[in-house]
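Look at the two complexes coming up: chain A is in both, with chain B in one and chain C in the other.
Now for the complex of A and B:
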C-alpha cells in the first residue's frame, strides 16, 4: 500500500513538473512584460509588411539605417537638445501655472466662476493654433515653442487639479477647520497631497499635448529642433528621414514616461506602497 | 470661571422645499459649563446634538444667540475635536498627523504628542501611516491628537459609535483614564446612555426640536464599570426620561410654535440600541 501511494505521489510530481514547464512558458507570454514584448514584435512585423507592400511606407530596416546615419553625422543630439530644452521649460511653466490655477479655481467659488470657462476654452484650442499664433507674434525665437507648450499644456493640468481640489474629502476639510489649521498648512498638508493623483494625470496629458505643441511650433517657426528636422526631411521628399524622426520623438515620450514620471510617482505615493507591503 | 457660556442659542434650518416648514434644530439653549468637567449630551437622533457641536466648533452658524468660550487665563480658547471617524490624513504618519493641527512643530510639541500617544497605547506607531493601524487604533490616534492641542474645550461627537462593542469598551476605559489624569473640559455627544453614565460628571438630556429636557449630576468616582449598581440605577433613571420624551413626541402636541417637523417626531430611536 505504501509503495502504491509512493508511485502515485511520484507520478503526480512528474506531472506537475511537466505542467510547470508549460505553464511557465505560457505565464511568461501572458505576463505584463510578455504582453508588452509581443505588442512590439507584432507592431514591427506589421510595419515591415506594410513597408514591403507600399513604396511610400519606409520599413523599419530603412528607418533604422537612416537613424544610424543621422546619429553618425551628429545631427541628432543638437536638434534633440534644442527641442528638449524648449519642451521642458514650457512644461515646467505649464505645471506651475496649472497647479496654481487649479488650486485657485478649486478653492474659491468666485475664481471658479471667473476662470473655469477660460480653462475650457484653453482645452479646446489645439496646439497648432498656438504654434501659428506664437510664430506670428515672436517669429523664429525660443519664445514661440516654449509658449506653445505652456499655453497648450496649462489648461490640462489646471482642469485636472481643480477637479481634485473639488473632490478633497469634506470630512478632512472640516477636521482642519475645527482644529483651526491655517490655510497655508491646509493647502500643503491636505489639498496638495490629495490632488497629486490629479496632478500626475494632468501632467501626463500635458506632456503629450506639449510635445505635440513643440514639434508643431518648430515645424512652422524654427531653424533647429526635432520638429524642424522632421520638416527638413519632409520638404526634401525623404520619407525614410521623416519617419525616422517621428520614431525618435515617439521613443522620447515613452522613455520620459518610464524613466522620469513613473519613478517620481512612486516616490510621491510611497505612503501607499508602505501600506500595501504590510 | 465658566469655560463655555451659551445664551439663548437657536438654530433654524430653512425649509428644504416649498410647502414644508422650516426645521428648528436648536431652541433657546442656555448652558453654562465650568472648567475641568466631563459633560455628556444625550438624546434621540435628530434632537440637535450634532448641530450644537457643529455650531460650537464654528462649522455652522447659529440663527441667534451667543456662545462664549474662554480659556483658563482668559486667552482665546483652544478647541480639540474627536469625530465619529478618525479623520487622519492618510499620507502622513501618526506623528505628522498630530503635528498637522499644531502651529509649533518644535521638540516640546513632539514630546507632548508622544506623551498622549503613549497614554492611548500608540507610542510605537508614531511613524506608521494610518492605514497600517486598525480602526480602533486610528480612533485612539484621533483622541491623542485632540488632547495634544491642550484644549480648553474638547468636543467629542459620538467617537465610539463606529467601533465594535469590545473595542469601544476598551477605548471608553482609556478615555476615563486620560480624563482623570488631564481633567480637560469635555463636551461628549452620544446616544448611548450607558456610555454617558460611565464617563460623565454631568449629563444633559436633549429632546426633539433641540431643547434641554433634563440635567443630571453624577458624583461617582472613576473608573466606573457598567456593572456598578449606581451606574445601573442612573442609567434606568435617564432611560425613564427618554420614555417621557418618547411619550410627548407620540402625543404630537408639544405646544412649540417652531416645533419639530413631523419627520423628526417620527424618528425616536431606541436609546438602548447601541448600549453596551
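Now for the complex of A and C:
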C-alpha cells in the first residue's frame, strides 16, 4: 500500500511539472487551501457590500483604521486586562464547582436524581438573565461579571463531567469496588483519567459561554472592560468603533478556541487509540 | 437509568417498583432543596427585596399568566424562532448539501461555519441591532445565523453517511434521480437534520431572547428588559421562570413527539 501511494505521489509530482502555467494556477485555486483563501476573500467582499448597503455598517477598511488608532492610543490592553481578570476568576469558580457537582452527580445515582433538574434549569437560563440580575444586585461591582461567568458556565462543566463519569467502564468500577479500593484512589486512578476528555469539552463550552457572559455583564454594568468599551462607542453613535470592538472580541475567542483549546485537547489525548473511546 | 441496579451486589438492589419510588422521591426532594436554598438565600443571605423568594415570584408568574401577557409574548417570540429556523434550513440545507458532496465546497465553507458556531451570542444581538435597528428582522436573522452551522454540518454528515451501495443498486434498477432523492437521500439525511435542530434549539432560544433584550418591541426578551429597567427583580425572575418552563416543555414534548412522528418508519430497537 505504501509503495502504491508513493508511486501515485511521484506521478502527481511529475504531472504537476508537466502542466502548463495556467493549469497549475487552476489546480492551486481548486485545492483545499485555495478554497479557504477564496472563502475569506468572499467574506471580506460580502462585508464590504454590506457596508455599502447599510449606512450604519462600516466597511473593513474603516474598521482596521479605527483599530490601529485604538491600539496606538493604548485603550485596548487595559480593557482587555480588566475583562480577562473577571473572566478568569469566574471561569476558575465554574470549573471547580462544575467538576465537583459533576463528580457527585455521576457517581451517586441519588445525587443525580436530586440535582439533575436543577442542572437542567441552570443550563436553560441564558447568560443575559445572570448579567441583568447581578447588575441589579451588585451594581457596577467586580462581583457582577465574575458571578455572571461562574453561574452561566458551571452547569455546562457539571453536565459534561457527569456524562464522563457515567461513561466510565462499569466493569472496572465494580471490580475496584469488589477489591475494596478506597474511594480516593478510585477517583484518582479510574474515574479522573476517563473523565478528562469530558472535562475538556465542558471547559471549552464554559469558555465560550463565559466569554459571552462577561461581555454582556460589562455591557450593562461596568466602567471598564471589553464589553463596556463596545457599549461606549455604541452610545457615542460611533459605529466604526463599535464594530471594531465586536471584531476584536470575536477574533479573540475564535483564535483562543482554534489555536489553543483544540490543539491542547489533541495533545493531551495523543496517547489514546481510537478503540479506547466508547 | 439502571444505575441503582449496577451500583452494588444483587442483594442490595431494590426491585423495579422500589427503584422508581426512590428515584421519584429523590426528584421531589431535589426540587424541594432547590426552592429551600432559594428561600433561605432570599430571607437570610440577601433580603426579600433584592432576591424575592419563590412564593413572591410564583405569584408574579401567576399574575402574568392571568393577564394573558404570556400568550402574546411567547407567540411573538415563537414566530420569530420558527421564521429563523426556516431561514436557517433554507440557507443551511444547500450549504450542507454542497459540503457533503464536494471536497472544494467543504474546504470553502469549513472555516465560516466553525466560526459562526463559536461566536458569542452578544455578537449577533448587537450586530442585528446596528443593522436593522429595533424590529422583527434582527431576532429572526440572529436565530438563523446561530442554527445554520448546526444544520449545515449535520446535513453534510448525513450525506456522507448515505449508503453508496443503495445508490448503486438504484442505478442498476434504473430508478430516476428524483426517486433516489425521495427514497434514499432524504430519509438518510432527515435524522441528521433533526439532530441539528435539537442541538441548536436551546441556543437559538437564548440568542433570540438576547436579541430581543437589545432591540425589539415585543417578545420574552423585551419583557425581561422592561422589568430590568423598572428595577423589578421579581418580574425578571418571573419571566425567567416562564422562559425556562416553556423551553423545557417545548424540548421535552414537542420536539420528542415530532421526532417520534418523523421516524415512525424505523424499527423499534433502532429508535431506542
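The definition used in the following text is that the second predicted complex is superposed on the first by the 224 of 278 C-alpha atoms of A that agree within 3 Å, B and C clash if a C-alpha of one lies under 4 Å from a C-alpha of the other, contacts with A are read in each partner's own complex, and residues count from 1 in each chain.
In the analysis below, a residue touches a chain if its C-beta (ideal position, glycine included) is under 8 Å from a C-beta of that chain, and two chains touch if they have at least 3 such contacts.
As the structure is a prediction and not an experimental result, all values here were calculated from the model.
In the superposed model, A:52 makes contact with neither chain B nor chain C.
In the superposition on chain A, contact of A:167 is made with neither chain B nor chain C.
Applying the stated contact rule after C-alpha superposition, one finds that A:243 touches chain C and leaves chain B untouched. By the touch criterion stated above, A:27 is placed in contact with neither chain B nor chain C. Taking chain A as the reference, the larger set of touched residues comes from C, when chain B and chain C are compared. Of the two partner chains placed around the shared chain by superposition, chain B is the only one that A:189 touches, whereas chain C remains out of contact.
By the touch criterion defined above, A:181 lies against chain B but remains apart from chain C after alignment on the C-alpha atoms of chain A. Using the contact criterion defined above for the overlaid structures, shared-chain residue A:68 touches neither chain B nor chain C, since it reaches no partner.
Shared-chain residue A:109: touches chain C; no touch with chain B. Touch criterion not met for A:255: it reaches neither chain B nor chain C. Contacts of chain A with chain B, set against its contacts with chain C after fitting on chain A, overlap at residues 174, 177.
Within the complex, the chain A residues that touch chain B are 171-172, 174-182, 185, 189-190, 193-194, 271, 274-275, 278. Touching chain A in their complex are the following residues of chain C: 3-4, 6-8, 22-23, 26-27, 29-31, 33-34, 46, 50-51, 103-112, 114-115, 118-123, 126-127, 130-131, 202, 205-206, 209-210, 213, 221, 224-225, 228, 231, 233, 236-237, 240, 243-244, 247-248. Only residues 30, 32-33, 35-36, 38-40, 43, 50, 54, 56-57, 109-110, 112-118, 120-121, 123-129, 132-133, 135-137, 166, 170, 174, 177, 208, 211-212, 215-216, 219, 227, 230, 234, 239, 242-243, 246, 249-250, 253-254, 257-258 of chain A touch chain C when the two sit together in their complex. Across the interface of their complex, chain A is touched by residues 57-59, 78-81, 83, 85, 87, 89-92, 100-101, 103, 129, 131-132, 149, 155 of chain B.
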